[in-house]
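Across the two complexes that follow, chain A remains constant while its partner is chain B and subsequently chain C.
Here is the complex of A and B:
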């Protein structure tokens, strides 16, 4: 009986992980296909489709665009998130609870709604569809996230550290730059890498807010419209690999925080 | 008369509805070691925060070196604070921590390092320069915090329960060192504590606080021997308190009617005044040898404390009256014994509140 329970629990675990990871495994496997269709039987391995991706200037420029949008929007989101977290943690503000709720509210609103709202707003304000517009959209979705991560790590024990710096003659901007930012560095990096991950494979907002120059997920969608081929698998695998790297960096920074 | 280093004039402070300081005035002399002693909630930490510039008082003024510093920011005033939790910068080395104040003054790196090393040597931590704060023990962190605050040569050093987080043995050791360091640098120290032993050991000037007011201040010997108020008689060391009324007054001696009988006490108060008589434990004798007889009492509790025995006894005349005595370790009293209680006239402290 006991061996049966053991086998059943293993089988269950395998099924769950299989359900989660099988699509990715299939995606990566058929990106190594040697022939023109990403369907069984597997004919590879071959790197010809990766070669095709990297020689496709539309895909590579979209990749560069994605990296630019992700890094700049994440840096902006993390800076604004840090400053608002610091403000909320260190100063008594009227209606502080309500304001804090409002700043994290976008976390619960769907990207589609945010994207459409920005589209209407930018139309009205005369901001053309562009990478900048998509980047602003990414700041909107990632700022609440950065705020929540950094605010949760801003404990009272740092208040005296900041006071000590002020007491020793540091003006406010030096307190922030030399004390608060380094002390909060793990949370700040965690916020940054998580924002990067979300921005990197965000589709809806980029789709709605860009036109000629666009980000990689939108370009992949364009590619998919002409049917499946191993090239889409290859570029998908590349996106996945970058996401993994970002998530690992995020985990590492959080882990280091916990040890300290 | 020269101006005092710190002059606190009629300072009051409220947190919302709660008055935490009520019209406090205090002068602090250069080079002195001042202790603010009081229970939690007495306002001593708030007073320290006002001196450090972290709190601006609701009323009153604070002058440091003759300048009005009431609303001057911490960064701009000649005080530094040693925080209770040390508040070291965790991402900087010990040297970086100690040099921080000089860095803010724009002192160049080499001078900074030299001065930081010098100050670390002063607190006995010369070897820790390159270490990180988390590699140090509690007592060592305490010294780093002290060095960090001293290196910029403040006019006044403020210490917020600096020994509170240390174990007893280390506390007594650091206490001696603090006093030695203060004498060496000559800076005025203002030190907040609720530990009366710490206060007696360290203070040149002891300020006893209770409920937002200064109850008593002066050299600790005077505050102990002649406390000004009932609170200070019970907080700075223990006392037996006899409540009573003056029934006869004859030049410098009054007869006070107390639950333990009539007592002659040194005072010039008029007949009818309500008084409290305080007697220190070491002045109370559990025999009839003293000139002032305080009736008999039953021993409740005997606590052996190494060099002495602390004995609690309840008066036979009034069960609400409790005697606290410090007897030699060789005393043979047992709980349940009935003893005579007495003391000498000149050991009685007469309090009028």
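Here is the complex of A and C:
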């Protein structure tokens, strides 16, 4: 009975791993295709489609745009999230529960609807479509996340360290910068990295709110109109690689922090 | 959290200065857009006068109504299939894999989670296309003579969704199983229950709340997604997000798109209220 469970478990786990990895393996494998269709038989390996991606200025500038939007919007979201988390955790504010609920509310609404709302508002206010508009939308989706992560990590022992600093005569801004920020660094990092990956990956808000200059997911979407194409495989594999680097960095920072 | 330490020296201005930027951002770029969408949904596309027509269209136009039915069906199928696939997988990772390999096994299991949304759907298109990997393998081995129509079907949409949500649910269910104290299982064993009875009467009921949270998350993310049905399902059968985007893309009809978005959101809210008592998300 026991060995039967073992074998069945292995078979099942392998099947699920297979299902999970099948599309990724196909994507990466056929990005190395030498001929012009990413379908069997495999004719590579060849790097010609990576060359094609890197010499396509629309794709490379979209990549730069994506990194810019992701880093600036994440920095904004984490700053606003941290300041408000500190405010709510350390001071008694009237209606605190309600206001905290308001900040986390966007988590429950799908990106499509957040993007639609901003599109209608900007359209009505005469704000043109731009990367800035998309960045504003990315802060809307990531601010509640940063707030929730940082707020949940603000414990009582940190209050005592802050109180000690105050008793020793530190003004409030010094307490914030020299005590609270370093103590909260893991949560701040976590919020920032998660925001980066979400913004880097976000499609529908950028699609609705940008026009000529756009982000990488939207540019990849435009590539899809040409059907199956190894160039799309190549750029997709590159995006995957960047995400993996972000995730590994995130894991490493967390591990280092935990050990320290 | 008892962290609200009163700090008399700080005065009244500081706390508000800290929370106002975040509150202001949320009001200006989340609440206000929502109000704008509400107003827009009540105006006529041509002329701009007040009308309930955008909403009544949804109930009277069968193709709009059908999009909602499709969305609910696809979402229900995806949620059920994903939970059924992910639970045994998470259980194997948590119970059968040796402790020291678990972290790695879990990281591997959710690695493709981090590919871009657009790219993930495109990858499934490669697998399921007319001359893609599956069809080539099947025709090559002589199992079928003609390639199967896999892409541009509901099956393709569901497969793309299930792929994503199996990873998400594996994460949440795994966390749930690991939080379970081993003493429950020991107690059940001491009282004479075999592994099967222990699982059915102890482990499964205790992890049910976690499953419900994961299933609800799946529901919300699935019903609001545009990419997966658009790339994999094509235009043969429209889901709600596709219908919304169509109003903007082809016709620039913001009022109708707004009304449809609000209806979609209302459905999610109703689903939330319906299973609110099983969802203990607010634990802080």
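Note that the second predicted complex is superposed on the first by the 250 of 260 C-alpha atoms of A that agree within 3 Å, B and C clash if a C-alpha of one lies under 4 Å from a C-alpha of the other, contacts with A are read in each partner's own complex, and residues count from 1 in each chain.
The criterion applied here is as follows: a residue touches a chain if its C-beta (ideal position, glycine included) is under 8 Å from a C-beta of that chain, and two chains touch if they have at least 3 such contacts.
Because the structure is predicted, anything quoted here is derived from the model rather than measured.
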Task: Superposition on chain A - do chain B and chain C clash or fit - done: fit
Task: When both partners are placed on the shared chain, which of chain B and chain C touches more of chain A - done: C
Open item on the list: Under the stated touch criterion, which partner chain does A:222 make contact with: chain B (first), chain C (second), both, or neither?
Closed with: neither
Open item on the list: Once chain A of both complexes is superposed, is A:81 in touch with chain B (first), chain C (second), both, or neither?
Closed with: second
Open item on the list: Tell me the angle subtended at the Cα centre of chain A by the Cα centres of chain B and chain C, rounded to the nearest 10 °.
Closed with: 100
- [ ] Check whether A:183 is in contact with chain B, with chain C, with both or with neither, and answer first, second, both or neither.
- [x] first
TODO: Kindly classify A:99 by the partners it touches after superposition: chain B alone (first), chain C alone (second), both, or neither?
DONE: second
TODO: Considering only the touch criterion stated at the top, classify A:161 as touching first (chain B), second (chain C), both, or neither.
DONE: first
TODO: Considering only the touch criterion stated at the top, classify A:171 as touching first (chain B), second (chain C), both, or neither.
DONE: first
Task: Minimum Cα separation, chain C to chain B, after superposition on A (Å) - done: 5
Open item on the list: Can you give me the overlap between the chain B contact set and the chain C contact set on chain A?
Closed with: 163, 166
Open item on the list: Could you list, by residue number, the parts of chain A that touch chain C in their complex?
Closed with: 5-6, 9-10, 12-13, 16-17, 19-24, 26-27, 30, 38-40, 80-81, 83-84, 86-93, 96, 99, 102-103, 105-106, 108-114, 116-121, 123-124, 136-137, 139-140, 143-144, 147, 152, 154-156, 159, 163, 166, 172, 197, 200-201, 203-204, 208, 216-217, 220-221, 224, 228, 232-233, 236, 239-240, 243-244, 246-247, 251
Open item on the list: Looking at the complex, which residues from chain B come into contact with chain A?
Closed with: 52-54, 73-76, 79-81, 83, 85, 87-91, 100-101, 104-105, 134, 148-149, 152
Task: In the complex, chain A residues that touch chain B - done: 157, 160-161, 163-171, 174, 179, 182-183, 185, 260
Open item on the list: Can you tell me which positions in chain C touch chain A when the two form their complex?
Closed with: 1-7, 9-10, 14-19, 21-23, 25-27, 29-34, 36-37, 40, 85, 88-89, 92-93, 96-97, 107-109, 111-112, 114-120, 122-127, 129, 131-133, 136-137, 163, 166-167, 220-221, 223-227, 231, 241, 244-245, 248, 254, 257-258, 261, 264-265, 268, 272, 284
